[in-house]
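In order of appearance the chains are A, B, C and D, and numbering begins at 1 in each one.
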Amino acid sequence: MFDKILIANRGEIAVRVIRACREMGIGTVAVYSEADRAALHVRLADEAYLIGPAPSPQSYLKVDRIIEVAKLSGTKAIHPGYGFLSENAEFAMRCEEEGLVFIGPSSHAIRAVGGKTAGRSLASKAGVPIVPGTTRDLTDQEVCEAVREFGLPVVIKASAGGGGKGMRIVSTEAMLGSAIRAARSEASSAFGSAAIYVERHLGSARHIEMQIMADTRGNVVYLGERECSLQRRHQKVIEESPSPFMDLELRRRMGEAAVRLARAVDYTNAGTMEFLVDSSKNFYFLEMNTRLQVEHSVTEMVTGLDLVKEQIRIAAGEPLSVRQDEIQLYGHAIECRIYAEDPFNNFMPSPGRIRALRTPGGPGIRIESAIYEGCEVPIYYDPLISKLVVWGRDRGEAIGRMRRALAEYVVLGVKTNIQFHQQVLNLSQFVTGQIHTEFLESWLANGLKPEGGAFAEIALIAGALYLHTRKRAVPSSIGTGGQVESAWKLAARQDGLRRR
Amino acid sequence: MTYSADLQGRIHRLAVKGTGSPVPVHIDGKTYDVDFSTGDGSLLSLIVMGRSYEADVVEEAEGVLMVWVEGKLHRIEYQEEGRRPRRSASVTGQDMGGRQMIVAPMPGKVVALLVSPAQEVSAGQGVIVIEAMKMENELKASGPGVIKEIKVREGDGVSGGDVLVVIE
Amino acid sequence: MFDKILIANRGEIAVRVIRACREMGIGTVAVYSEADRAALHVRLADEAYLIGPAPSPQSYLKVDRIIEVAKLSGTKAIHPGYGFLSENAEFAMRCEEEGLVFIGPSSHAIRAVGGKTAGRSLASKAGVPIVPGTTRDLTDQEVCEAVREFGLPVVIKASAGGGGKGMRIVSTEAMLGSAIRAARSEASSAFGSAAIYVERHLGSARHIEMQIMADTRGNVVYLGERECSLQRRHQKVIEESPSPFMDLELRRRMGEAAVRLARAVDYTNAGTMEFLVDSSKNFYFLEMNTRLQVEHSVTEMVTGLDLVKEQIRIAAGEPLSVRQDEIQLYGHAIECRIYAEDPFNNFMPSPGRIRALRTPGGPGIRIESAIYEGCEVPIYYDPLISKLVVWGRDRGEAIGRMRRALAEYVVLGVKTNIQFHQQVLNLSQFVTGQIHTEFLESWLANGLKPEGGAFAEIALIAGALYLHTRKRAVPSSIGTGGQVESAWKLAARQDGLRRR
Amino acid sequence: MTYSADLQGRIHRLAVKGTGSPVPVHIDGKTYDVDFSTGDGSLLSLIVMGRSYEADVVEEAEGVLMVWVEGKLHRIEYQEEGRRPRRSASVTGQDMGGRQMIVAPMPGKVVALLVSPAQEVSAGQGVIVIEAMKMENELKASGPGVIKEIKVREGDGVSGGDVLVVIE
């Protein structure tokens, strides 16, 4: 087993990997950009090294610098997290050449199946149904031809990366030009590649993905599905496992298709096959993500497996800790992605400083977050600041628990989508599981409204009391904490001190 | 102390007397005995007629408070009795002279200018694309007009509130 | 189902019950003493009412006042939590008379089995083995006679209450007098009853308890055991489920004995039978706790059941949500009780103000706590400020996870036993499960030492930088949070503002 | 700035120059470039030679700091160079004249006095019982002596640091 692991990432996923290492008794090496000196992953790691300025091309995407840090810190293995270099075949190969273990699939496997076009052609060869469309990268000209061939509506997609970035739905000829531009520019800024291709747009299908895990001894298992149909701008916002739409037979068929595809490229470590599933339960392969997913946590909650630990053991050459017949989905898990964005202003990103933070606790709650009171949410990176995950005996309990947790969750200083989640969790379509990839967008089409000023009078009173007590604020005594002063007096003092 | 408070244009009059808790609070003619406790920097716990509320108060500008109650946000401008009114500096997309200002809603980078000076634009037409947190956000004209001034170039970094384009 | 529930308690358990109610859509009514105005349970509840001065006899034990609040708030059901009035038959009867639902067993059942002496005689009648000793309350004189009859060492125990309060081991005649005094006075101050009895002291046995749940339709199930052998001054400090000592056969025998005893008194709602188990797997009934236990959470983690919701449904007349054959223990759960006490000064209680609080997050972590930054830990109540509970696929993963979580847990302002827990989790006897009720005391006999000043040099540097930056602290700008200032500058300002 | 720091009786000399981070820190002749970041009221994040540390600092009294590093507590008394030494007021169970003072370790209530004035006590003998947080705590004599003074009565409330009994 490794004695140290370098985490080539930031934010909640870097913290997630650090925690897994700690539980395994493995040392941790963090890297950080100038914008992240005070970030939680830097504080929690055993070692931390600055790798460059804030923009990711100069830091978190800087292969040479990261390899250099691995060597000077004497680290033998690198966990890439998700995003950044996690699906970069060149980086994986570089690690292989430098004698470092890349905790993920081989560079060969990433090349073979990671690119969406490559994955699609490979899938069809392996007898896994795919969405009609092209299976190679296209020029702008070829895109137009493909559109004529497959007919509108189509989806233009970046061949590289994932997470729905560099993706545009085109329903009229007029949109085509700007859609191509937007897709290419978003793609190159997000993944460093402007390559795109075209798929027919299937419309109101479900996005259901299958988690697989493969070791270096030829064992491949599927860990059940994740329902990811709730998306905005092709970004997942709420995920759950199991899917309310799934049945045992469909799960087996999709799982076995995923395993077949993995075997076709001698895939190792964690991977996810994304599928579209139509109302008559036909499924079409979309793409494979050759890395850990943001939403891996819901799978962990229902299987009881720690996927990051599993990744590390596999990378160290150990066999899978479970056989397919030992895997059962137990209960129900839901994840709400908490983004620093303003749901009432077209979800504009909202970077800034966290002024107050109160996180939910109690049974069935899991928080994957890298923010703390006083920290900065930088403008340079993804707006995901926290993942709120709940587990319940059944979907009904999980929904009730998530509502309770969202009500306890207070994040001030930046705008967040917490109220958005609260409204979604109350929609009858969500409660009954009647959702598809376009559901959120169509619901949002009439614009999201903040819920009633039911508490206007209380708010007016609270504000007045705030101004009132501040006038009376006095410096707090040092005290041993021994004397029990009335808490409101104490706090009013502290309050006075903190005023800004 | 006595305050007048502006919540979404409606003016409310409040008076708070005494220091301890519970404290009588007069609001729009009614009076409540408000039991309150301040927990941390922004937190206020209130008990009003047996109901318990968590409120968070952050002072945006002198007298301008952002108040969250049970997760719902209210922006309130308070005037202490006697003091003379003050205009709060808040960016407005539409100014008096019928001019439109396209304002950066958050810090970010200009990735694309979709118009050029003197160009005519229609309501809802894309004017400029800002990238922040790895997402592109297209800012649109709120009404028809002519591009009067473009204050930024592609690649520029901008901070929240900056005026980017002026339409007349 | 009830539309409102009054929680006649404080601290983490009051918060725990509020959360269960919220998830079920039930309104919550908190009661609080003058010391608890700023307490978390008051903030989280829908309604809150002051019931008296800080000392519990004038507030949390004041039956009339609590009944009065229930009526004026229009509440039909009362959850007593643990401690305080939770095992008080008079209170349960009072509720019955006033037409309120006491969420727990009937006053008749509490009387029949709740008192330890009553429980013991009932158990022996029901054919459940008990520890040799008296089965009724004794005068000081009778205690001395009993000691002669059963021979030293003996345990003097309060007949009322639980949690090891009012309990003394007597190994020499000389100790007898002061032991009786201490037991009676602790008992009367904790439970309002000075009644005591005598048991032979079994020595190095295990304390293993069985959780049962019974509905009003005659269904009774056992939910597996909890290993509670790690105690100090007869207070549990670390609990786990399952017990590393348990086997399926012993679990079945103990579970069925517990169910038999419950049926013997038509017991309803949640209850726990405490047993001593010797090295040859003989078990002896100790007492029954006719309420929810502090450590109920470890049972929830391995069964997936929410015991508080189950209690509420049963009290509303609904049947149990599980059959015995559906109950399986899944994985392994451990709970560390975080007390406000100084492990390096004979565990002296350490009330005071929480100056800084950082709680662990990530997979498999559950926090049951009622403290927050800036709150007061009052001198008047139990020193339990938080329960840190972890779940793992097996005991090994749970231990690794608990170590990781304890390292992340920072509570400043009051002394806590976190470092004590860290040392216990590294003991080979704990790791191998070789523990018994006297293990901790004997290990502590040579006194607990803080672990090395390995970081002395870093501490010296940190202190100097603290003084250094404070000198330069300037007021923080209001700002939109938009401008990204270097986080350390920002924070240093805030730091300056908060200095006290 | 230059400090002398007293950690468990050992004196260390430190010097910090400049404001930014990393900042050179001299300690006992060695010099480290210390990269630091202050997170919240008490939190300091340090990176020293690639190692990352979380430290919490709370000022107990002017110049007297409680410093936690990775959960371990250090109590350090700092003197700014030039300033004259100051004695920190910390209660000691044993004073110069060989007298013993039994001190309340925390706030609580006196539930039992186990000795009376002029009574002889031996080392380890119980002197008084304090109840706090529902637990009784028996305070013992650290050495043999005679009860000189009893400053409290049963039922009295006491706060942390109060002298309860004096033994000579």
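The rule is simple: contacts are C-beta pairs under 8 Å (C-beta built on N, C-alpha and C of every residue); 3 or more make two chains touch, one makes a residue touch a chain.
Since we're looking at a predicted model, the values are computed, not measured.
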Residual chain groupings, excluding chain A and keeping positions: one piece
Result of counting contacting C-beta pairs for A-D and A-B, higher pair: A-B
Length of the line joining the C-alpha centres of chain A and chain B, rounded to whole Å: 30
Centroid distance [mean C-alpha coordinates] between chain D and chain B, Å: 48
Shared-contact residues (touching 2 or more other chains) in chain D: 21, 37, 39-40, 54, 59, 106-107
Chain A: positions in contact with at least two other chains: 37-38, 44, 351, 355, 358, 372, 374-375, 379, 407, 413, 478, 480, 482, 484, 487-488, 491, 494, 498-500
Partner chain A, residues of chain C touching it in the complex: 15-16, 19-20, 22-25, 35, 37-38, 44, 297, 300, 304-306, 330-331, 351-353, 355, 358-359, 361-369, 372, 374-376, 378-379, 393, 397, 400-401, 403-404, 407-408, 413-414, 475-482, 484-488, 490-491, 494, 497-500
Chain C contact footprint on chain B (complex, rising order): 21, 35, 37, 39-40, 45, 47, 50-52, 54, 59-61, 106-107, 159-161
List of chain C residues in touch with chain D within their complex: 165, 178, 181-182, 185-186, 189-190, 233, 340-342, 345-346, 348-351, 355-356, 358, 379-383, 407, 410, 412-413, 418-419, 422, 450-469, 471-472, 487-488, 491-492, 494-495, 498-500
Residues on chain B engaged by chain A in the complex (per definition of touch): 1, 3, 5, 7-8, 12, 14, 16, 19, 21, 23, 25, 27, 32, 34, 36-44, 46, 48, 53-59, 63, 65, 67-74, 76, 78, 80, 105-108, 111-112, 126, 131-137
For the chain C and chain B complex, residues of the former touching the latter: 30, 37-38, 42-50, 73, 372-375, 478, 480, 482-484
